[in-house]
Amino acid sequence: MNKERDLVQAIADIASGSTIMVGGFMTVGTPEILVDELVRQGQENLTIVCNDAGVPGGGVGKLVRSKQLSILITSHIGLNPEMGKAMNSGEAQVQLVPQGTLAERIRCGGTGLGGFLTPTGVGTLVEEGKERKTLDGKDYLLELSLKGDVALIKAHRADRAGNLIFRMSARNFNPLMAPACQYVVAQVSEIVEIGELDPDEIMLPGIFVDALVLAPADDQTRTNETEGGAP
Amino acid sequence: MSYDYRERIARRIAREFQDGQVVNLGIGMPTMAANFIPEGVNIILQSENGFVGMGPSPVPGQEDPDLINAGNQHVTLKPGACFFDSATSFGIIRGGHVDITVLGTLEVDEQGNIANYIVPGKMVAGMGGAMDLCAGARKVILATTHCDKDGNPKIRKKCTLPLTAVGQADLIVTEKAVIECTPEGLVLLEVAADCSIDDVLQATEAELMILDTPGVFA
Amino acid sequence: MSYDYRERIARRIAREFQDGQVVNLGIGMPTMAANFIPEGVNIILQSENGFVGMGPSPVPGQEDPDLINAGNQHVTLKPGACFFDSATSFGIIRGGHVDITVLGTLEVDEQGNIANYIVPGKMVAGMGGAMDLCAGARKVILATTHCDKDGNPKIRKKCTLPLTAVGQADLIVTEKAVIECTPEGLVLLEVAADCSIDDVLQATEAELMILDTPGVFA
Amino acid sequence: MNKERDLVQAIADIASGSTIMVGGFMTVGTPEILVDELVRQGQENLTIVCNDAGVPGGGVGKLVRSKQLSILITSHIGLNPEMGKAMNSGEAQVQLVPQGTLAERIRCGGTGLGGFLTPTGVGTLVEEGKERKTLDGKDYLLELSLKGDVALIKAHRADRAGNLIFRMSARNFNPLMAPACQYVVAQVSEIVEIGELDPDEIMLPGIFVDALVLAPADDQTRTNETEGGAP
């Protein structure tokens, strides 16, 4: 088994109109090489699921600038004013979801659960259109699962079977998104032979990964070091 | 507001931390509080993008591209740190395993309601992790100026902005006062050394209860 | 039932496996199927107690005390195996990431209902992971004798025992027949070389549809 | 910080009448030393949450034999006939829960969720008394979270801050139970200094662990090698 694939081919399997989950938190853990190729190929009318809107021209911000992004399901767009402008002009839509709820909705999508009861958002705008449940005197909202067609994720090490190990805070949404999507491409810094990774240290089983794209480490520096803002 | 006021707020908040507590700090004044932790008190900083055991900023040039805090700043690790995914991170937050979260706010009211993520008509940022932190942390401390930059009170009878959480505020620390949020209403605990009780009451729209003589902080 | 019949069932089931599939095998005949996988087909075995990449039994004396399968037997690992906790394990199962589960059964009926975990009045064992496997795996294959040890049919018009899952059976493999469960009812796909169609029909309470001439297996 | 504690003291903090979650799957990953001490101290009227009933005289089976167990919340008791007998005689109660539902209910208990929607058990005895929801034509049951007073878990390596690394299939329910309980005792084979474990390899953050009990490796062999039965 060898899941390593050519970058162009791996991205060419993505259709316009797809729902794509993209890993990363403020571009840390975002597979920039995969996003760059998606921009180059120009698939349109994409629904993107990502913790945030990245930064102008960085992370999923690249898809905002290229106008490939039609809908963004996210917790925060504060570090990318271009997303705010696209939203206000009606070019793109934004669905805001509390960060913990977003993570859990994606996890539910990958694990066959229909939804979950969370205290987050009770009594706020987030409650609109949702069912409220009271258990032992505490209020919860019923939030539903979220799935995607494609996950674009980034990991540190992989074996050829697609088993992945993430690094530091670049882990974030990456291992959650893979199970929730039909087609999963992972950008990785290193690919080793099957059996070289310790089975106790693998963070995402290879059964969730369809394609590995090897990206040299020097291509993986952060696109933009804009700091500040509260995601 | 002068830097002195910001430091005063951060310094006072740091006195709330107890040894061994797990604390999540928002950006700005909340993050500053980490600089004033009393000697002998060790806290564990949680960062909602996926780790506990956050340390201070790195020496310039020593930044690790894979290690940022939730405010998008490069940080370091303390010994004993560990990483996890975002679902686990918010499981820690919602599950009551964060003892204290410190956040800024736009408004807070007599019912302990918090409004700190959106101003209708202005550019939207999004709630990020704030709603989960308010709903989940055992104690929610608001670090805020007493009034907004136009001099309007931020401590309201009733929040006018869209809420982040209902009834979750526990303590409000401003440059003028320390106020506890109780089921009966807001209680004035302490007044800043350069303020009078009247100063505080005048700058506050909400009703403040004074149960004992307020303490003094500086 | 003779060992030959058990092997026949296991051998036939192994022909359902396709290269690269993730498969969960129950104890007994389902586990035996792993011995008959066609050449060139590599499958990944999932064990619901927390890993993928299960290998065969260890050499005696080489057992690792921390490595058992869900049937409480010591096993080995194949290269590329990895471990996870029980919530992740059942996330894999419920999330449709197990292509095939093979289970024994007490009864199965025309609606694809499965009853394989409890006999009222007898000692209760519990459902373990069977309900999750039936509800979650993409394809549920039942490995069973055609009749129980008293000669009563196990393939029923309607299950009489408490159900494990509603409408989740996809394929039934017995020593006499291979039967597909479809929304329209049960379809007889294959008959064992030492059986006639009549033999199968007589041993089956459920109605069996015959769409094409059934194939033969041995 | 040093969470290492004396075995006797660590268990003495457990009261009669407690709800105790015990890690392990067919005794693999069960902290036998902690259970032995609980038997010795004799706390009574315990509600035990465990994947299974262990084996006669092994795992939580020790608490069945000692009659300390009043209620068992579990997925399977088939390898411990003593549990079946205690149940049939009315000495103890058993609440059967599908294994995946049990794992997820415990996870919800630890992560502040009130419950979740699962397809498991729809149309079976498990559905009794539960709400059914239909989403996109698929049926789900609303299952509620489960919490405990005490978790007794087993790990392979720990640092003095309580960060844990599990080994092979002994991981199972252990990392899920700690967050769901007020007081968590971990039996470990090795304790290292803080900072010696790789932050990317730690499987359970030390913030969830109250006490570490060091148990020499030779005390940790499986109590009983009974094989067969389908948990």
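Assorted remarks:
First chain written, first letter: the chains are A, B, C and D, and each begins at residue 1.
Rule of thumb we're sticking to: contacts are C-beta pairs under 8 Å (C-beta built on N, C-alpha and C of every residue); 3 or more make two chains touch, one makes a residue touch a chain.
Keep in mind that what you see is a predicted model, and the values were worked out from it rather than measured.
Touch-path distance (fewest steps) from chain B to chain C is 2. With chains reduced to the mean position of their C-alpha atoms, the one farthest from chain C is B.
The distance from the centre of chain C to the centre of chain D, each centre being the mean of the chain's C-alpha atoms, comes to 28 Å. Our note on geometry: chain A versus chain D, Cα centroid distance of 33 Å, whole angstroms. Averaging Cα coordinates per chain places chain A and chain C 36 Å apart. In chain A, the positions touching at least two other chains are 104, 107, 112-113, 118-119, 166-168, 171, 199-200. Within chain B, residues 51, 83-84, 90-91, 93-94, 135-136 each touch two or more of the remaining chains.
All chain pairs that touch, listed by label, are A-B, A-C, A-D, B-D, C-D.
The touching residues of chain B, counted against chain D in their complex, run 20, 22, 42, 44, 51-53, 77, 79-84, 90-97, 135-136. Contacts from chain A toward chain B in the complex involve residues 25-26, 28-29, 51-52, 74-79, 81, 84, 87-88, 94, 96, 98-101, 103-104, 106-107, 118-126, 156, 166-176, 220-222, 226-231.
Residues 104, 108, 112-119, 133, 135, 138, 140, 142, 144, 165-168, 171, 199-201 of chain D are the ones touching chain A in the complex.
Residue ranges on chain B touching chain A, taken from their complex, read 26-27, 47-51, 64-68, 70-73, 83-87, 89-91, 93-94, 104, 118, 123-132, 135-136, 162-166.
Taken in their complex, chain D has these residues touching chain B: 1, 107, 110-113, 159, 161, 163, 179, 194-195, 197, 199-200, 202, 205-208.
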